[in-house]
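Some structures to go through are shown next.
There are two complexes below, and they share chain A, which is joined by chain B in the first and by chain C in the second.
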Partner chain A sequence: MSTKYGGYMGKVLKINVSTREVTEYPWSDEERRLFIGGKSMAAKILGDNLTSQTKPFSAENLLVITTGPLTGTGAPSSSRFNVSTLSPQTKIITSSNCGGNFGYYLKKAGLDGLVIEGRSETPLWLHIRNGEVVFNDAADMWGLKTGPAQKALDERLAAENGKPVKNGKLVIGPAGENQVLYSAIISNERVAGRGGTGAVMGWKNIKAITASGNQQVRVAEPEKMKALNKKWFKYLRSHPLTGDQLPRLGTAGLVSTMQMNGQLSTKNYNYGRYDDFELVNGETLAEKYNIVNKGCLTCPIKCARTVEVDGKPVKGPELETLGLLGGGILNNDLEAILKWNYELDELGMDTISTASTLAYAMEAREKGLWDNGLAFGETEDISKIWEDIAYRRGIGDELANGSRWLAEKYGGKEFAINAKGLELAAYEPRRAVGLGLGYAVSNRGGCHLNGGYMILLEGLSMNVDPQTPHGKPDMTVMFQDLMEMVSAAGQCLFTTYAFFPPPLISKPHAWYTRAFCKAVPVIGPVLRLLNKFPGMLCFNIPVVFNQSKALKYATGMPMNFGKFFKAGKRSYTLERHINTRFGIRRKDDSLPARLTDVPQIEGDEKTRVPLERMKTVYYHARGWTQDAVPTPRTLKKLGLAGLASYKETCEAFRRGEFQDKPAGRSAGAGKEGA
Partner chain B sequence: MVTIKLFGSLRLKTGFKEMQAYASSVSEACALLARATGHDKKEFKNCLFVINGKQGKYSSALAEGDELVLMSPSGGG
Partner chain C sequence: MSHVITDACIGCHICAKNCPVSAITGNIKEKHVVDSKLCIDCGLCGRLCPKSAIKDAQGQTVAKLVKDKWEKPVIDQSACVGCSVCAENCPTGCLEICAPRFHGDIRTIAELSRPDDCIGCHICGRVCPIDAISYKSN
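Presenting the complex of A and B:
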């Protein structure tokens, strides 16, 4: 199936690994226009195929790998791809966006995406070359860690072709093979970490996927695209965040800022400051261990660090890993974190969920709930714990199921730091309540990015009052929708930090920056209006927001800021509409009671997340019922009336199945909901 | 005597980490840093200030034993 739009290869393959049948997945230009690509495209595919009865570990579950229309066009930071599936960890749909080069090579192979169903009887390596799929036996690779597995793939491709083959790779490690619920898919050094996509790939008996080819991405307006890209690269390189802080320090640079703001999760989120933070912060990493900065293909930001572990250059840890495996478990040994980060990547496990699950287990033992031998600050045998988790041995077999599962078994839900089963990142939301809302309502579970990343304004880059709930729900909706579409277009979310004009970031004490920060909590109604009527924004925003123009030049679709924004809304609501099928309601948009009921600073009631009142405003701004269900009116307004499930939803609303009020008290309602 | 610490990209740019100095205000501390590092005072003036764990201003006063932290803005996780 071809396409009239540029930016796309016009072909999506459906691969049944049970029958080894390969067919073209029907994906129309109308769907391209509505869902653009990436996670949004994947959500539509999952929504069309999954029923409420589908189980994560079943032949019916799909592993959907998609690219966006900007991938392969030379747009900055656009070599990405997305993996979506029904998550075994959260039991709702998950999406994981990954850098590296696989997205670029999938397009070189002539494809916009892969839809994988079934389960192979034997270990499999899928090689996609110029649109053709080769099913290779991977029995000899099964059991390999992710580094050796990727090396083996290069060697086999070189042996088959008589020379090295440029390719993009996806592999799982032992964790994915053993269905650790938070196992990841690894691509070079980059990781599709969240939601357990690696476990689904492992269950399907797929060890690896490689892509290669010589196809070219056709751009609708190549000259304009080229000129825009040139300006865009220049702008990103000049911005204080994307051109200075991230290249110099990577995400690790946030540790110190979070510490100062009381936002650094410490001892399983008991506290927001870690006394030894200077031993495990980004500055120390850069000064003592960083060898070289790296970036993904076409990325001017170059946020990745390379460090040395046992004399070998390996990927350095991100902020989340530093925070959660540092203060999170009261560990001040940075060298140990570097080593663990490498080990977890080799085993193919999400560092956030692994670390947070470990912290829960340490606290459960401290409270006498689970005698597991783990303790805060005692980290000598941690490497063995990783192996035990990956191979599901001993207590590792239980740790492999994540903090939600453990809390259901041993108790302590109030300190199992997850939302909808997905563990939170290292940002402590009691000192950034907008982020707290984002964590709770995020479609994929406790994710700072899918949650809208309000903390950027709440102390990291700007000084919007982190404790006020005012204006935050509307701002969260706006950020979520924009980030949703940046991701769907195939671009790295880090480019969104440049939405804020440089003076707002580099001059925090200037009158205009202070005025902006003061204004955010009081402009909620204005933002609500824009959220309700994105079509009003029928223009492009020059210099700082290039995404809409880039999509227009790449695809030839009519596109402006408002249409881009609306597409993000459509995608976010679609994901929620699908999750509704799996039972997600207001009560599930929750946080552990530690974060909503216990002030971080004793006696200061403001230092907890006032979640319920923010949720009420948030659902209203979204056009969902107060029980967090998108209404037929909202679905229709967003162009989702064509969904097969739309009629069912209308009928369910007519039958009164979905009420415009909460169906049950939120788990995190606590004091404020009482 | 106050303790002055620098975090963020400006620390890597200047190579400056920490020093003990006599400074009665944040602005004076910024001037000291500019002299010590050879960098423009404006660069320090545009940092975020934290005095003993609480947000400060360029005009904030410093007292004996205070810890002043300067951070350049950050984002991206």
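Presenting the complex of A and C:
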């Protein structure tokens, strides 16, 4: 099915690995206009195919790999791809966005996405060669760690072709093969880590997917696109965050800022500061260990680190890994973190969930709930624990199920730091309550990025009062929607850092910066209005937000900031609409009691997340009922009335299964402001 | 899009031997064929063909050119942002992102690390998102 829009290859393949049947997945231009691509497109595909009875480990579950229309067009940081599926970890839909080069090569192979269903009986390696799918036997690769597996793929492709073939790769490690619930998919050095996508791939018996081809992405307005790119690349390189801090220190550079703000999760989120933070921060990493900055294909930011482990250059840790495997388990040995980070990538496991599950287990033992032999600060045998988890041996077999499962078995739910089963990143939400709301309501579980990343304003780059709940729900809605669409368009979320003009970042004490920070909590009603009527923003924002314009030039669709914003809203609400099918309600948008009930600073009641209060405003701003169910009216307004499940929702509302009107409207914005 | 071999082909096999993506097949002294699914339009076959028997994707005959006259990329050092699109697309791997010039260098850019391997295909310039690559022959 070809397309009239630029930026797309016009083809999505559905691959049944049980029958080895390959068909074209019907994806129309109307769907391209509504859902753009990436995670949004994947959500639509999952929504159309999954029922409430679908199990994560079943032939009916789909593994959807999609790209965005900006991938391959030359837009900065646009080589990304998205993996979505019904998560075995959270039991709801999940999406994981990853850099590297696979997205770029999938488009070179002439495809916008892959929809994989069924289960192969024998280990499989799928090679996408210019739009054709070649099924290869992968029995000899099964069991290999991700590094050797990728090397083997290159060798096999070179042997078949006579010369090395440039390609993009996805592989799983032993963790995915053994269905560790938080196992990841690895692409070169980059990781689609969250939500257990690797476990689904492993269950389907797919060891690897590679893509190669010679096709080019057609851009609707190439001259304008190139002119915009030139300005955009230059702007990103000159911005204090994307042109200096991220390249210089990587994401790890935030550790010191978080420490200052009391936002660095320490000892399984007991504290917000770690005394030895200087031994495990971004500055130390940059000065002592970083050999060279690396970046994904098409990226001018280059936030990735390269360090040496056993004399070999390997990928360095990101902030979340540093925070959770550092202060999180009271470990001040950075060299150990570098080694563990490498080992976890080789085994194919999400470092965030692994570290947080480990921290839970350590605390459970400390509290006498589970005698597992682990303790905070005792880190000699941790490498063995990783292996035990990946191969599901001994206590590793239980650790492989994540902190939610463990807390149900051993107790201690108040310190099993997860939301909807997905472990939180290293940011301590009690000192950034907006992020606390984000973690709780995020569609894929405890995720800082899907949660709106309010902490950027609450201390990381700006100084908006981190303890006030005022204005945060509306701002969270706005950030979530914009980030949703930036990701769906195929770009890295770090390009949105540049949304804040350089003077606001580089001059924190200037009058305008202070005025901006003071204004955020009181402009809630204005943001609410924009959230309700995104169509009002019928213009493109120059210089700082080029995403909507780039999408217009690349695809040729009518696009402006308001339409872009609305598409994000559509996507976010669609994901929630699908999750409703799996029973997600207000009670599930929660945080562990440690974060909502226990103040981080003893006696200071403000230092906890006033979650219920913010959720009420949040649902209202989203147009969902107070039980977190998107109403038919909201679905229709966002153009989702064409969904097959829309009618069912309408009938369910008519039957009174859900509250029709958002209850507590009066208890909403007005009282929050009081 | 792909290059095509015309009937003027004498089957000398030079193109097939040199094609960076092994897209050309054929027996010696017989007409050779380009696999359009593999061809990346680098034009090397045309520059090497003794009989000028190769047409490019637009149907123009590719002119024979001695190696010394092949145009090599010149990277605008102030404009390049090191996004590595050129290096990733270079069929011979002669372009690379340079090593850091000092500890903590955050401005690594593309460089022609192995000029002798350059086949003058101009692909790097075509894919560069910010036109930071120009060409000159020796």
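We adopt the following convention: the second predicted complex is superposed on the first by the 659 of 674 C-alpha atoms of A that agree within 3 Å, B and C clash if a C-alpha of one lies under 4 Å from a C-alpha of the other, contacts with A are read in each partner's own complex, and residues count from 1 in each chain.
Assume a residue touches a chain if its C-beta (ideal position, glycine included) is under 8 Å from a C-beta of that chain, and two chains touch if they have at least 3 such contacts.
Because the structure is predicted, anything quoted here is derived from the model rather than measured.
**Student:** Check the residue A:Thr379 against both partner chains and state whether it touches chain B (first), chain C (second), both, or neither.
**Tutor:** Neither partner.
**Student:** Once the shared chain is lined up, is A:Arg248 touching chain B (first), chain C (second), both, or neither of them?
**Tutor:** both
**Student:** Is A:Glu283 touching anything from chain B or chain C once the two structures are fitted on A? First, second, both or neither.
**Tutor:** first
**Student:** Per the contact definition in the header, classify A:Thr298: touching chain B only (first), chain C only (second), both, or neither.
**Tutor:** A:Thr298 contacts chain C only, not chain B.
**Student:** Please work out whether A:Asn82 is in contact with chain B alone, chain C alone, both, or neither, and reply first, second, both or neither.
**Tutor:** After superposing on A, A:Asn82 lies clear of both chain B and chain C.
**Student:** Looking at A:Phe233 after the superposition, I want to know if it touches chain B, chain C, both of them or none. Which is it: first, second, both, neither?
**Tutor:** Second partner only.
**Student:** Which partner does A:Leu456 reach: the first (chain B), the second (chain C), both, or neither?
**Tutor:** first
**Student:** In the superposed arrangement, which partner chain does A:Thr580 touch: chain B (first), chain C (second), both, or neither?
**Tutor:** A:Thr580: touches no partner chain.
**Student:** Once the shared chain is lined up, is A:Thr476 touching chain B (first), chain C (second), both, or neither of them?
**Tutor:** Touch partners of A:Thr476: none, neither chain B nor chain C.
**Student:** Shared contact residues on chain A for chain B and chain C?
**Tutor:** 244, 248, 286-287
**Student:** Name, in rising order, each residue of chain A that touches chain B in their complex.
**Tutor:** Within the complex, chain A touches chain B at residues 240-242, 244-246, 248-249, 251, 253-254, 256-257, 260, 262, 273, 281, 283, 286-287, 303, 318-320, 425-427, 448-449, 453, 456, 460-463, 494, 497, 505-509.
**Student:** Using the touch definition up top, name the residues of chain A that touch chain C in the complex.
**Tutor:** That would be residues 74-76, 101, 104, 129-130, 161-163, 165-166, 213-214, 216, 226, 229-230, 233, 236-237, 244, 247-248, 286-287, 290-293, 295, 297-300, 302 of chain A.
**Student:** Any idea which chain B residues touch chain A in the complex?
**Tutor:** Within the complex, chain B touches chain A at residues 7-9, 11-13, 17, 45-48, 50, 53, 55, 57-58, 69, 71-77.
**Student:** Under the touch definition given earlier, write down the residues of chain C that touch chain A in their complex.
**Tutor:** Of all residues in chain C, those touching chain A are 1-2, 20-22, 37-41, 81-85, 88, 99-100, 104-106, 108, 127-131.
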